[in-house]
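Take this structure first; my questions come after.
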Amino acid sequence: MSVELNAKNPAGSLSDKWENYKADVKLVNPNNKRKFKVIVVGTGLAGASAAATLAELGYQVDAFTFHDSPRRAHSIAAQGGINAAKNYQGDGDSVHRLFYDTIKGGDFRARESNVHRLAEVSVNIIDQMVAQGVPFAREYGGLLDNRSFGGAQVSRTFYARGQTGQQLLLGAYQQLARQIGLGGVRLFNRTELVDVVTIEGRAAGIVVRDLMTGEITSHSAHAVVLATGGYGNVFFLSTNAMACNVTAAWRAHRKGAYFANPCYTQIHPTCIPQSDEFQSKLTLMSESLRNDGRVWVPKNPDEARPVDQIPEEDRDYYLERLYPSYGNLAPRDISSRAAKRAVDRGQGVGPLKNGVYLDFSDAINRLGKSVVEERYGNLFDMYERIAGENPYDVPMRIYPASHYTMGGLWVDYELMTTIPGLYAAGEANFSDHGANRLGASALMQGLADGYFVLPYTIGNYLAPMLNKPIPGTDHPEFKAAESAARERFTGYLNVKGTRSPDWFHREVGKIIWDYCGMERTQQGLEKALSELPALYDEFKKDLRVTGDGESLNQTLEKAGRVDDFFQLGMLMCRDALDRNESCGGHFRAEYQTDEGEALRDDDNFCHVAAWEWTGDPMSAKRNVEELNYETVHLATRSYK
Amino acid sequence: MAQVLHGRGPVTATANKSRKKRPFLLDLYSTAVGKKYAMAITGIGLMGFVLFHMIGNLKMYFGAADLDHYAEFLKKLLYPLAPKGAVLWILRGGLIAMAFIHIHAAVSLTRLNRTARPVRYQSERDYQVANFASRSMRWTGVTVFLFLVWHLLDLTFGVTNTVGADGEFIRANVYDNVVRSLDRWPVAAFYILANIALGIHLFHGAWSLFQSMGWNNPRFNKWRQAFATGFATVVVVGNVSFPIAVLAGVVGG
Amino acid sequence: MSNHLKDITLKIWRQSGPNDGGHFETYKVDEISDEASFLEMLDYLNERLINEGNEAIVFDHDCREGICGTCSLMINGQAHGPERATATCQLHMRKFKSGDSITIEPWRAKAFPIVKDLMVDRSAFDRIIESGGFITSPTGGAPDANLIPIPKPVADAAMDSAECIGCGACVAACPNGAANLFTSAKIAHLNLLPQGQAERYKRVEAMVETMDEYFGSCTNHGECEAACPKEISIDVIALANADYRKAKVKNRKQLARN
């Protein structure tokens, strides 16, 4: 029997919920705030903004990052922009429209109340970031410029060149740095969470490993916030940074936090394809390139002529052929799958036949090289640096890659997980994007959670705890967690097998990518679920970690992360197998329309699957949160 | 080569340090940027000196009387408003002070920079834009300083003026002293070498001072290096012409 | 298209900890694809070291897209290696040729102590930002974003300096171990914007003086600009120098009023 999860949606109509919540929320007196300690793990957009704001309010904050500096968090790599319902362009944008676009983009699998709140506070985010000195792009008149992005018919995306994530993260980082300087935040850098500790059903603190000394220590607090990002690196090759991992979320899951919708992962269609077997990560090329580039593959899988000698009639412009109205601008999931099918048919291009062409020769002929250069010059340079080919002369080669994970820790309206006192923010939670995230919405969600949601909702939890003692780090639960963590890491060192953690990571990634990637089938998922546990057993028996546990050891760090990816991978496949429908990033080949579109099953699957740890990911328990749409009507997404 | 990491543990309240209260100028001078201002400002003063010194010395091309008269004129600056030689001594005092500050700042900055990288790179560096001038400032500076000492001993105090040459050092007979000195080819060679060092020093210094003072305007920035090159060239060409002229017999012949 | 480089000799700095002396060790890479990035070549070497039972070489890296600023490395005497405007993670092996000998050293500065092998601790940069590299703007009190128009050239200039990724190449490349480019880039970013004016002089004073505690001094070599993966101009240093001078005078005036 599954448990009905309570999202704690506030009363009132959708647009009043957040106001009603704020009006009723319990407050902590300013002078009492310093009596509370909050741990924030992760210093990306959500973590840094939450830590800074909580410290501004007066809470004692301990912030943890495994990087050398908070500014390295992977939020920094976001390129495109950040959405906000400012309606500065006067093109009919509104909070409701942003809300609706986000729900629809998420293929009607997100919680209405959370998404509406996100749309409401999006407006404040832009104000806040501009006040902090984020140099957003501007018009000559000095006002903020906007661009339009996929899934929206209005221009609501604010951007700072191709480095919006960087500028926003640096803004949040600077606010965090200010609080560190003032003493409001204590920063623990190069310190990785290795366990979450719960005492009497509440989050009591965390156990961390000092990456520089290997020392394992405990930290107790009144509340713990996990802002530790997504798990896209389960695929091994993804656009995520090398260190991105699921460990914090997964350790929380093992301590009782439900993990929601792990199978919702987003595959971005325009990345530079893998070039050799050493490849460590994939690089995203902005989606905007598809405005002027034409996607094609040779009709003949055995095409041997150089690209410029393949005549028009032997080229398959498959997006234009299959989706005549949207053409090369077909949505992310559709064009990703189309590319995969072309490559699977053997029509792939490049030395490894693993990409499709994105050809600018028409655009260069039509607009002239200088116009193309003006629009995409920096992207072309980046492509040339990585791929070693000049895209003005030779078509770019692109292929889809794992990019973002919509799934994550289940949270209620207050962003609290199923463990009281444990919060999840940003990509680490599942709440706002449903089954598919729209471009320029990840930055918005991270900052919304950190700046404008958590600072309110945490007070509601803390207020009744005033002057009640919390367990210290000498509590047996902390000691037990510490020794379990120590054992775990000595365990990796003591296997003394023959394969490196990277080898296993690559193998897990291959299985997940093949069977739980862009297109999933029951058969494939079952295969993955039989291969993964076997490989996991091998991991436990044949892992080799060199070096020691007393100094910085990147191999050892990696081993712990791969261990957790194994377990998450199994849960992903189980979630994908149990969700007998296609929606957003989750595409089950069995459930598609005649035209190859995702076919949702609203009668049976209009819910969140929240998995409960039972000791083994293979036997995790599936709980559901029904999604009740009060305002929007469920509709089929159509791109014809 | 051992070094100590910044303490582990949490980082907090880093911005609460208060700086020692010092008189304004000393406070300014206590920072590296402040010392660079000092170097730039004293550098400007010293540049003014070398330029006018060179221009004044051009009078030797008009003959002994002109040059000696010029020396006398310098002593009589503002006379009779100020006593004879007073203004010249004030100027000299200023020059000495500027040279002292310039050197003091250079020495302290060099020491600071040495401690900023206690362990050098163990492999060869491949510099991209740092040029010979910028990287040899302290050696050209030292060369110019040593030359200055010699120059004063030679032509101001006359200590070395008559070594290896005939005649008597009479301070007011500037023209004779110069000719006597530069007629000795090792002296002339040293003179030329030192002036080339000065030129190299100016080539970087006269550009660098704009950066240090923050005199920066995208419209004029491209002129900064041109100014430095021009200034260094004028000073070096002027100065180097004297020993050549003496050796060639154009002056004093 | 893909070619293979053969017989690469790597001289890599190994140092077991901050207090160890350290030394160069020579490794041979018999064959590597020219499509591999420089760091992937090190990954490949590390995988081999692990297979041989040896400890992997520690080096800092993360996003591998040239934006997070985590990667470092002095490659053949150049910070971030031979390609201009490129961080080590975006440097590819096709920039080298078969038979090359490549020397890799960690960045060296007193403020960047070596953690292990090629990894250094750049926390001193965080201290500079903590001292003043921000605009005080507590959450919630911000006015409408379009309230203050900012001329496009000003916003663009601020963005040029805001692109700094904090990698530390400027310090590594500077013959004096100075951090003026890093510090000044942040000063220029915030001091150019109208939002940054209230704290302009306090900021520059605090940041420059914090920088002074850790780093060497700028003598205008220009090496930092050449090494910067974001090509930040040394003009920002001039701007910061001018503001520091004004700050010392203005702050004194303000203090006198109290």
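Read from first to last, the chains carry the letters A, B and C; within each, the first residue is number 1.
As a working rule, a residue touches a chain if its C-beta (ideal position, glycine included) is under 8 Å from a C-beta of that chain, and two chains touch if they have at least 3 such contacts.
All figures in this text were calculated on a predicted structure; none of them were measured in a lab.
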item	value
Topology of the chain contact graph, where touching chains are joined (line, ring, star, complete, other)	complete
More contacts between chains, A-B or B-C	B-C
Label of the chain whose CA centroid is most distant from the centroid of chain B	A
For chain A paired with chain C, centre-to-centre distance based on mean C-alpha positions, whole Å	27
Chain centre separation in whole Å, for chain C relative to chain B (CA means)	34
Distance from the mean Cα position of chain B to that of chain A, given in whole angstrom	60
Sites on chain C at which at least two other chains make contact	115, 121, 123, 126, 130-131
Shared-contact residues (touching 2 or more other chains) in chain B	5, 11, 14-15
Overlap residues in chain A, where contacts from two or more other chains coincide	178, 180-181, 187, 189, 212
Complex contacts: residues of chain C adjacent to chain A	1-2, 16-17, 32-37, 39-41, 43-44, 46-47, 49-51, 53-56, 58, 60-70, 83, 86, 90, 92, 94, 115-116, 119, 121-123, 125-126, 129-131, 133-146, 149-152, 155-156, 158-159, 162-163, 165-166, 189-190, 193, 195-196
Chain C-touching residues of chain A, taken from the complex the two chains share	49, 52-53, 56, 67-74, 76-77, 86, 88, 124, 126-133, 135-144, 160-161, 163, 165-167, 170, 173-175, 177-178, 180-181, 187, 189, 212, 239, 241-243, 275-276, 278-281, 283-284, 350-351, 382, 385-386, 388-389, 451-452, 455, 498, 500, 502-503, 544-547, 551-555
Contact set on chain A toward chain B in their complex	62, 178, 180-183, 185-189, 210, 212-213
In the complex with chain B, residue positions of chain C that touch it	11, 13, 18-22, 24, 74, 76-78, 103, 105, 108-111, 113-115, 121, 123-124, 126-127, 130-132, 173, 175-178, 206, 208-210, 212, 214-223, 225-227, 234-235, 237-245, 248, 252
Chain A-touching residues of chain B, taken from the complex the two chains share	5, 8, 10-16
